[in-house]
Amino acid sequence: MVKVGIVGGTGYTGVELLRLLALHEQAEVVFITSRAECGRRVDDLFPNLRGHYDLAFSNPDVKKLAACDIVFFATPHNVAMNLVPELLAAGTRVIDLSADYRIRDAQLWSQWYGEPHASPELLSTAVYGLPEVNREKIAQAQLIACPGCYPTSVQLGFIPLLAKGLVDPLQLIASSASGVSGAGRQAKIDNLLSEASDSYKAYAVAGHRHLPEIEQGLSDIAGTDVAVTFVPHLLPIIRGIHSTLYAQLCQPVEDLQDLFESWYADEPFVDVLPAGVFPQTRTVKGSNRCQISVARPQNRDTVVVMVVEDNLVKGASGQAIQNMNIMLGLPEAMGLANLGLAP
Amino acid sequence: MVKVGIVGGTGYTGVELLRLLALHEQAEVVFITSRAECGRRVDDLFPNLRGHYDLAFSNPDVKKLAACDIVFFATPHNVAMNLVPELLAAGTRVIDLSADYRIRDAQLWSQWYGEPHASPELLSTAVYGLPEVNREKIAQAQLIACPGCYPTSVQLGFIPLLAKGLVDPLQLIASSASGVSGAGRQAKIDNLLSEASDSYKAYAVAGHRHLPEIEQGLSDIAGTDVAVTFVPHLLPIIRGIHSTLYAQLCQPVEDLQDLFESWYADEPFVDVLPAGVFPQTRTVKGSNRCQISVARPQNRDTVVVMVVEDNLVKGASGQAIQNMNIMLGLPEAMGLANLGLAP
Amino acid sequence: MVKVGIVGGTGYTGVELLRLLALHEQAEVVFITSRAECGRRVDDLFPNLRGHYDLAFSNPDVKKLAACDIVFFATPHNVAMNLVPELLAAGTRVIDLSADYRIRDAQLWSQWYGEPHASPELLSTAVYGLPEVNREKIAQAQLIACPGCYPTSVQLGFIPLLAKGLVDPLQLIASSASGVSGAGRQAKIDNLLSEASDSYKAYAVAGHRHLPEIEQGLSDIAGTDVAVTFVPHLLPIIRGIHSTLYAQLCQPVEDLQDLFESWYADEPFVDVLPAGVFPQTRTVKGSNRCQISVARPQNRDTVVVMVVEDNLVKGASGQAIQNMNIMLGLPEAMGLANLGLAP
Amino acid sequence: MVKVGIVGGTGYTGVELLRLLALHEQAEVVFITSRAECGRRVDDLFPNLRGHYDLAFSNPDVKKLAACDIVFFATPHNVAMNLVPELLAAGTRVIDLSADYRIRDAQLWSQWYGEPHASPELLSTAVYGLPEVNREKIAQAQLIACPGCYPTSVQLGFIPLLAKGLVDPLQLIASSASGVSGAGRQAKIDNLLSEASDSYKAYAVAGHRHLPEIEQGLSDIAGTDVAVTFVPHLLPIIRGIHSTLYAQLCQPVEDLQDLFESWYADEPFVDVLPAGVFPQTRTVKGSNRCQISVARPQNRDTVVVMVVEDNLVKGASGQAIQNMNIMLGLPEAMGLANLGLAP
């Protein structure tokens, strides 16, 4: 059994790692940290885990983490970048679900996150953990920067179009919507049921921290600069991201449906829907699946791509486990077989 | 008191007319039709009306409708166009909340609604009931085609930009989202709580019936052809439309915030929010108000406009009453003072 | 115009007072306090108020409050009891929406609220503001203790049965459910959309602070001791309380429907539904109405009473305004005509 | 592999069987019926099944069903009772998720379901599939009547109290609440999101069809007549039942917590929560688990038991698979390991 450590186990990506790993045949969570809940059983805080874990939260302890085969950081940004160097030095593999190692340019990172990066020397070591792009590198990596929830959906939707050079890379629009769990398990008035339910709004229109990550990833694919207008919205649901992507065709195109189906034909967790069928977030709720549709309304030059995922699974903890499986040479889908919970 | 008749009173726009007119100081609903519920008291079907109405549904009767001062059609399309000619001939004023008279071109109408128009000769007579555009014509009209819920939000958002010629009219994108009440009070599996709640999806991506209405209205403003990519989405809420609009600037622009504030300065029901404040659907829930924000992310050339309204009020029944007030020379805001129900 | 002051204007009962008073013909809010939001415009915090108020939050100032004709306390418990003595001394009328003056026994109050009462001498002066019980006393009162949201629904449902001595006063069960707004506008993890939506639970089963208030009120009616098993539940909705009440018949009864209809025949805000029709919280959303049904399943000896109200209106701010109207000799329903927002 | 047939695969219990059986190691769905969707792929109707099934709906065919090892009826009542005799005669095992064989008294059944029973001779053969009561009989059964969703929760909560004779069997109250999926995947206006969301109501107060089933089961346990006042409520959530049970203690009791923990100590799918912790429906969402708490407020004589389950899993399809596992000698928990999907 692979010994797993988790740093920051009280947030939604933490409990989602616990939910998924509880049924993973080759991994066992042996250590989980939380300063605030130190000493409390994990199944007391999260009663859905009862019967599956005999484990309590501990204060962070680098030695105990280093003794694990693999450590997940399910923390806000600014935690991993301080602890990871020591873990890597000890030979431990690390999968960071936070933003600390996602952006290769330390200066750009500082600009968006408002502080200097604590371990910029590792930025070039870290592998961006989007298996559909970097599967081979992930298999060799010691440090994975797990993609953000929005960036996963936006990149998977635009990639086939940009890779083929079919659309204008400087006029991309991502109109995305996320369930409230994306904001984390933190006490904020804005995310109370009384504030966020029965409503819908855009936010962070002036600039969301996922924008540079999206543009970096898409620029790698396009081989040129890209510019994305990214407008995130808050959905009155718990889980789920839906990205509606708009791009301008810049050359003749034959069959977009066929392009997408071919591109993702061998991907275990990307499912291109039949022509004319559009994705719903509920269909992938609780599963590690991304579902995609492509359309060209009125046969005009604007292509529309729709992408759904569960932000806590394919957008975070499920993808992290997918990365772990690849790193460890396990079957990529191990522990990730769950179907979407619909209805 | 103005005598009001309502055709088709069992749907959501019907009961919303009843809710709003119950407190209107100058109007009284004297006749309301429904074949299916003929004989049933309106407050038995809609218990929120108890104490406000002593009225039952009747079978349609043109003479009784013609005896009203004004008749609202709160019906699906294909009802008004058969009854309106007789009512107009009798001198009755008509406000049609359905799509029957919204599109001036009878052939285009038939193309989208799949049948011949029954009274095409009235299409040029009908005034499109968007007060922010047609207030003077409305005051003189005998027949009003009340705008669709999506078209109201999309037009109000794009109008200042197109009127000033600031954006490319052929590259407009409207990424809109509506609460489920927009689908009406009809028994459809897709709109069950178990299907539509806790989820989000795009629909009618290939072409929604509101598209030609949107393009007709915006073309009038722009004075040239316009092309809109319109993608509607279904929100797991009851009431509310949020349109996120994207346009490409085609000439230098000074102050978008000032443009929008000036444009709508005198409008009683369009509220431009301060710079950096973005609208939420809940803020206008139950009120006849449209709230708008404009932004220019990263100072690039893509303008983003966000518009919210209650689809049943400013998007339907409230706007219909606003039209009635204008037609009858009453204060435009009479009966429409309600604030948004937040939280 | 009546000059109104509000202490604690940033919570849900505060903004609901503002929403309702905006359209009240005889009252004007002239002063509103909040330490945290001092200097901020009320319509900046609550954009549904835009266009209706030109007012900002101020620090509490007893002189300015005393200059008002009437002051509402929309605060947590423990605020009013410190400020009210000075206001009463100045001749200002006070309506306290908090729990400070609801329980006549200072010792019992301390037992449930965990601290000594700051102005116990006023407990016998305060009038419990349930108009259906105390209308005459309210008209003469200078200090009103506005009932809690749960107690309003539970008392209105049990009163006719207990007043007539039909049921065992020692075996009353109140299985109540409230929307999340009842927990206030406070940043608590438990009330996040991600925690509270798509779920349902009982809470405070061992003892909720509304229990002694319920038992005090019902005991007054019954003229004897009462014992209520009160189990509150959290509903994944914003507004609304539904109380399902169970009582054991202890003597023959003729017509429960008739009893309830007669009892509340003259009440403007209590609506007994026809036999066999059961109330829904949505029907009273946003309105000051309480709707009630009574049933006797299987014709056995257990009576079931169902009561709905909007916890922020008839359960708080609407009832407070109803009290104000009575105190000031205004029409009792002034400013409270709104119908329920359904759908 | 066990060959499984499903009759009526287009409803929520049908798709839930498909979701759960997709990952069952020893069972394979080989035949599934639907007249309305005959010929349509199951993963076209339910896209969460994509990649897991290569199966289409067929018209009912008794021979093909009889060729299965086990057949589930996921139908409304009145279907199974006509087909089951032939299947039993062919030696096929049957698990009926409908109400057809739940009530042993054919006359009582007819009284509640409004028609004669089509195969009353099988009523004594059928085993009521509540494993916590009938595990041994289930292992020997050829025909299982799978319990209703409400009855599962109500019985599991009352059983320890009645078995020990601690409470008055004639004064039981079950105040239950169910998510909308309990009403099935049928097009009914009452269950539209616009009608059922953001609201709460009691229904079927005069008598719900699950009442005789509840009383029959509890009477078996108590060894005497029981009378239950059962009031179901509709929750604005998709999945989940919460039953709040009230009973009157009729003899001294020592430790209710200990009683419940002991009673269910060996049950794999009944989880008694620690004292003072109350269940939430979300904790068991998607899992086959029932969680229970017991309390005695104010130390008075009314006991309160709270029970949650997912109505589609432990309340229907999961319990059906649990029965299948027992019948076939498989590990009882096979295919049912999923944790609750929280948040």
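Just so it is clear, A, B, C and D label the chains in written order, and each chain counts residues from 1 on its own.
Definition applied: a residue touches a chain if its C-beta (ideal position, glycine included) is under 8 Å from a C-beta of that chain, and two chains touch if they have at least 3 such contacts.
Please read these numbers as outputs of a predicted model, since none were measured by experiment.
In this assembly, B is the chain whose CA centroid lies farthest from the centroid of subunit D.
Comparing the chain pairs C-D and B-C, the larger number of C-beta pairs in contact belongs to C-D. Centroids built from CA atoms put subunit D at 39 Å from subunit C.
Per-chain Cα centroids separate subunit A from subunit C by 45 Å.
With centres taken as mean Cα positions, subunit C sits 36 Å from subunit B. The set of subunit C residues touching two or more other chains comprises 12, 181, 185, 194-195, 197-198, 236-238, 279-280, 283, 285, 343. Of all residues in subunit C, only 12, 15, 19, 22-23, 44, 46-52, 181, 185, 198, 238-239, 271, 273-274, 277, 279-280, 283-287, 291, 312, 337-343 touch subunit B in the complex they form.
Every residue of subunit B that touches subunit D in the complex is listed here, in rising order: 12, 179-181, 183, 185-189, 191-198, 236-238. Across the complex, subunit D meets subunit C through its residues 171, 173, 175, 177, 194-195, 197-203, 205-207, 211, 227, 229-231, 233, 235-238, 240, 242, 244, 246, 248, 276, 278-283, 285, 293, 295, 297-298, 300, 302, 304, 306, 308, 343.
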